[in-house]
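Common to both upcoming complexes is chain A, partnered first by chain B, then by chain C.
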Partner chain A sequence: MSRAETTAGPGLHDGDPGHRPGEPVRERAPAPPASRTPRAAWSLGLFGSELLIVFRRARTLALLGVLAGVPVLVGIAVRIETRGGHSVGGDGGGGPAFLEQISNNGLFLAFASLAATLPFFLPMAIGVVAGDSVAGEASTGTLRYLLVAPAGRTRLLLAKYASVLTFCVAATLVVVLSAVVVGFSLFPVGDVTLLSGNTVSLSDGILRGLLIALLVASSLIGLAALGLFISTLTDSGIGAMAATVGLLITVQIINNIPQLHALQPYLFPHYWLSFADVMRAPVIWTGILKNLALQFLYAAVFGSAAWARFTTRDVTA
Partner chain B sequence: MALIQPAQPEASEPEGGRRKRKALRYAVPAAVVGVTAATIGLVPALADSGDPSLPSLTAEQIITKIAASDTQTVDGTVKISTDLGLPSVLTGGSGSSLFGGAVAPPSFGSRGGSQADPQRQFTQLLLGTHTLHVAADGQDRQKVSIIEPAAEYSVIHDGSQLWAYDSSSNEAYHATLPARGAVTGKADTRRQPGAEAFPATPQAAARQILKAADGTASITADGTARVAGRSAYELLIRPQHASATTVDSIRIAVDSTTGVPLKFTLQPKGKGKAAVEIGYTKVSFGKPAASTFTFTPPKGAKVTEQQDTSRKGAAPDAMSGLGADSSVGSGWDTVAVFHGKGALPSGAEKNGKGGAAAMLGGFGKQVSGSFGSGTLFHTRLVNVLLTQDGTIYAGAVDESALTAAASSAAR
Partner chain C sequence: MTPVAPTPGVVIETSGLAKQYRGTLAVDGLDLQVPRGSVFGFLGPNGSGKTTTIRMLMGLIEPTAGSARVLGRPMPRSSRSVLPKVGALIEGPALYGFLSGQDNLIRYDAADPTADPRTRKARVGSALDRVGLTAAAGKKAKAYSLGMKQRLGLASALLQPRELLVLDEPTNGLDPQGMREIRALVRELADDGTTVFLSSHLLDEIEQVCTHAAVMARGRLITQGPVAELSAGTRGRLEVTTPDPVETVRVLAAHGVTDLVTDPHTAQVTGELPAEPPDLAELNAALVAAGVRVRGFGLRRASLEDAFVALTGEGFDVAG
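For the complex of A and B:
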């Protein structure tokens, strides 16, 4: 954006759509560099309205409701199964990670729920919201009205992406909070046993839990950018959602075919479960850093692709 | 429908200009991909840019260096890869579940006993790739952790106490070791059950091999290498006076400053990658924190105390090669003989008609000789012959040598 901005004269800022000659907006809104603060406020306002659009949707609330339900189901199932003093998963210790520890410490329900939702539930919710972000507006015909406002396409896209990322954090927190409420009410809570067998205090465990929530939310950055890019490709909201979720499922399947192991380190979900490394002593950062780097790489590639597509396309709806 | 174009107010901009601008914008993601690909391609190439130049040493000097090494403390990450060419059904693939590895891998063998029994856990190192965290402080305090996705298995040795903890089943295993004196060996030789069955560190592997290679193999110094960011000498060991062995060569990288073996590679005959590779990916020789070696069983964990009498029979010793009843041949051509009594495959056969026996038979090949008839299982390194009467012959020798050894032993 900055490149175009510096070359364009006042009022010609890049990506300002709908500024056909003679339109009053253009005369009133020359954008001299001095108007930084109003523009920042503008961006914030745009972001706020995007956020409202996302979170006021019944669909979004339903998605969050489903996510909140997962810990409840897991918690009740573990509670029933361990009632007679049995251990979960029988002799083999199968099932999702951290399941074994839930009956000893309710906090582990949060980790087990994240491990259970991260492969599909969480990213599916992100895929729906990200896929809908631009294409949904296009299919309902509201996109062009948005573009008439002198916000600039780049800023609109950034606001959309920021609202999707906020949803990532919100969705993760919904899982964690629901799990903490259910876990603390159904199971004893106390010192936390790490994977390495060490025991740390509850406050240390909660801090690690917060870090895990943050890591899980950041694990979705790449998929959010991918969904946003797909969303700029089409005018069909449903199509973009389906494509994003379908892509997620495909990638997850590829990620589990041993013969394709050469490809797997470059797939966005490959290091998702590295968040569990926080529960080791000493913490192993390699996988976590790889995951973050991969997410930012996906964000850079598909974010800029979305930008290239969105700022150069003709909006017909 | 109004067509809202992304164009600047001067909508008269020629079509070619727009296309050019579009191409320019798409160049941004393309550039990001390009830079990343270049980084991925170049950084490893730059990281191990050539072998380090070290003053040349003879093989004897390097072996002396290993023996003289007095490094008592180590803290590092070990990667173990075994590629025996087994069907992936047996190895379980790499995290072959749609939970992306979230599901704890099944433990090897599912008979009774503790999940945290080291015998049971260390045998899984025979298959696939594993990451271990190793810490040692002198002879009395060591810790080895097998790092699994969202799970961990640790063995902690502190003086006379031996603890093992398996996080995926939340089970602990406790044994009291005989007082010091009975515990022999150097700092990094873990005298623990299981740990000796399969060498978990390059040091342990190198020590076993150098002992075995004494007089039966040619040991030469073979250049230098960079392992875990350290300069290392390389020893090349080639079996001699052994025609039937499947081992082509063994390579040991020895740290140039401390004399600690850093990497162990076993190359079988024929092409392909190494059958066994044990090497540090990260290592420091500083003293690990004392808290590393303390262990109290976590609340709620099921603790199994070691039972000396019952454990011996139940453990899958057949995999280790230590529990061999007798042996045929010598040196590299040695074939170990196990007279089947509850060993793994014969137990499966007893289960009868379908199931395990059929599955094993499907992987094996029917052979016969003066030992009767049996099933021969072939891997890139080890061949195993299971005869009808339940005797098992196993060795790092080729198939014909194995059947010949079995015939001579049965005679």
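For the complex of A and C:
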């Protein structure tokens, strides 16, 4: 019986609980390290590790904090405005006609907050995280150690993109959740009057809210790919972040110059506010589908460009 | 670009390896052979192309010309199968400042798809232990000193049992005690059968731990081979400590000793013995017979530095 143990001993290189790896091995000719094979499930560890890297960074938490603060500010402002009993004017500073409904139904704070953050705050946060993803690791030198680990360039890039997309969802959810908490505590909640004038139940309204959150998060995947691509171009994390955010601002400006309307349908933010069409009965899908198609096009083009660049570049930093 | 079959018993093999950065030719026609089981010192002054060579071996940069094999497989093509068996420290450590030392190692281990997550904690623990960082494992890496960072970088190379360790200036930033520990660690690893390839510009360091060495200068390989052979190429110098240098020089010259140099600070006279050296005891007796007061007398073993100077005919300075 102990014979079986002794023969099994040397084979159980890693699992043997009796042998701590730090202990000096007193055999004369030690076996070469057992060749290890990669496992698909173990590859997920890299994605998990990426998520930790993104979400444990103080900067990420600060960005999410700012995003959570927007609904609080909007909610309080509306609350103060409507104290006298009159509703907020419909001149719509906060996007498509959601603002004046907040005082009647707290759920609308979520829609108004998404409409308020989608043009800049939300994509800016994505630009920072996506721009930093590869370039930040290059500038601190950690990229070379990931590559000799070996993470594999394609695998690392995929893990990076997946973690940026996860951040897109998380950032959107932070806005929505903060808005729901603030909206439900400051304002009455009930049946939802849609933009088209019909009224639907609160549960129907909440489902539409979830769909909107999903659409808003999806609106960011094009920018995420663009940021990732820019991030593979340079060894400066700050530079890549600034370039991505700068590009976002430029594109948003072009998107609002009427003389450049020929260009606008190809700009990634052009159909962003189409999510408001979910709040109609029946839902108008054209803008929403155009937005999704454009996002996937950007993701495909800049994702491929990022891959082509990252898998061939010299890593000298 | 079809490299020939790998030479057996050689873990690193390059042929005509070259790298040109914009403008500078950093590595030029390198033919390197690192035998399995050796502790291989990769020597050269600053900017001679050591790190550039290591980057090519690790698949981080593409060679401009030539080819490289690591563990018998072409790089960078076989990175996925080769690199899990290689631990590397390249141009100093790089860490996530906002993570603890331990979490840094967990991060790097998670990047290796061949690393079993079930043994991760234990392997990280023993790697930290090996470099003497267990007590500081929970401290944020940005609060580490230079030497502690260097140790953590070494720990990341030791997360798995490796066939080859590539260490770029591993003792950089370490205190004397730390240097000694690293040398002991390198010897221990070599005893376990790991080949260690370490670059340095410290000649004594190479002399103390390495079995083999290669010398680079200005991107070119000057020589490579067993350390004993490299320094055997140059004969040792005779060294006499005496308060009577003038008479010493006269007597030594009469016995065929050449290249005599007097150093007034150390009161030493040194010189090159002739091709067929006289009996040292008789030489000493001749000095005493001539009335020279001899305080010290002996043959200084040729150092790698002597070998280096002999090989290049120049000092150990950065090329312009």
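Before moving on, here are some points about what is shown:
Here is the rule we use: the second predicted complex is superposed on the first by the 270 of 317 C-alpha atoms of A that agree within 3 Å, B and C clash if a C-alpha of one lies under 4 Å from a C-alpha of the other, contacts with A are read in each partner's own complex, and residues count from 1 in each chain.
Just so it is clear, contacts are C-beta pairs under 8 Å (C-beta built on N, C-alpha and C of every residue); 3 or more make two chains touch, one makes a residue touch a chain.
What you see is a predicted model, and the numbers here were worked out from it, not measured in a lab.
For chain A, the partner touching the most residues, choosing from chain B and chain C, is B. In the superposition on chain A, contact is made by A:Ser43 with chain C only, not with chain B. By the touch criterion defined above, A:Val315 reaches both chain B and chain C. Contacts of A:Thr140 after superposition on the shared chain: chain C is touched, whereas chain B is not. When the two complexes are overlaid on their common chain A, residue A:Gly152 makes contact with chain C while staying clear of chain B. With both structures placed on the common chain, the touch criterion links A:Trp307 to chain B but leaves chain C unconnected. Of the two partner chains placed by the overlay, only chain C lies in contact with A:Arg56; chain B stays clear of it. Within chain A, the residues touching chain B in one complex and chain C in the other are 14-15, 20-21, 144, 147-148, 312, 314-316. The touching residues of chain A, counted against chain B in their complex, run 8, 11-12, 14-21, 26, 87, 89, 91-98, 100-101, 103-105, 115-116, 118-120, 144, 147-148, 153, 190-191, 193, 195-199, 252-253, 255-256, 258, 261, 269, 272-273, 276, 280, 284, 297, 300-302, 304-305, 307-309, 311-317.
Partner chain A is touched in their complex by these residues of chain B: 1-6, 8-9, 11, 18, 21-22, 25-26, 28-29, 32-33, 36, 88, 93-104, 106-107, 110, 115, 133, 145, 147, 149-152, 154, 156, 163, 165-172, 291, 295-302. Interface of chain C with chain A (complex): residues 21, 55, 58-62, 79-80, 83-86, 88, 90-92, 94-99, 106-117, 119, 122-123, 125-126, 129-130, 156, 160-163, 188, 192-193.
Residue ranges on chain A touching chain C, taken from their complex, read 13-15, 20-22, 24-25, 29-30, 32-39, 42-43, 45-46, 48-49, 52-53, 56-58, 140-152, 155-156, 312, 314-316.
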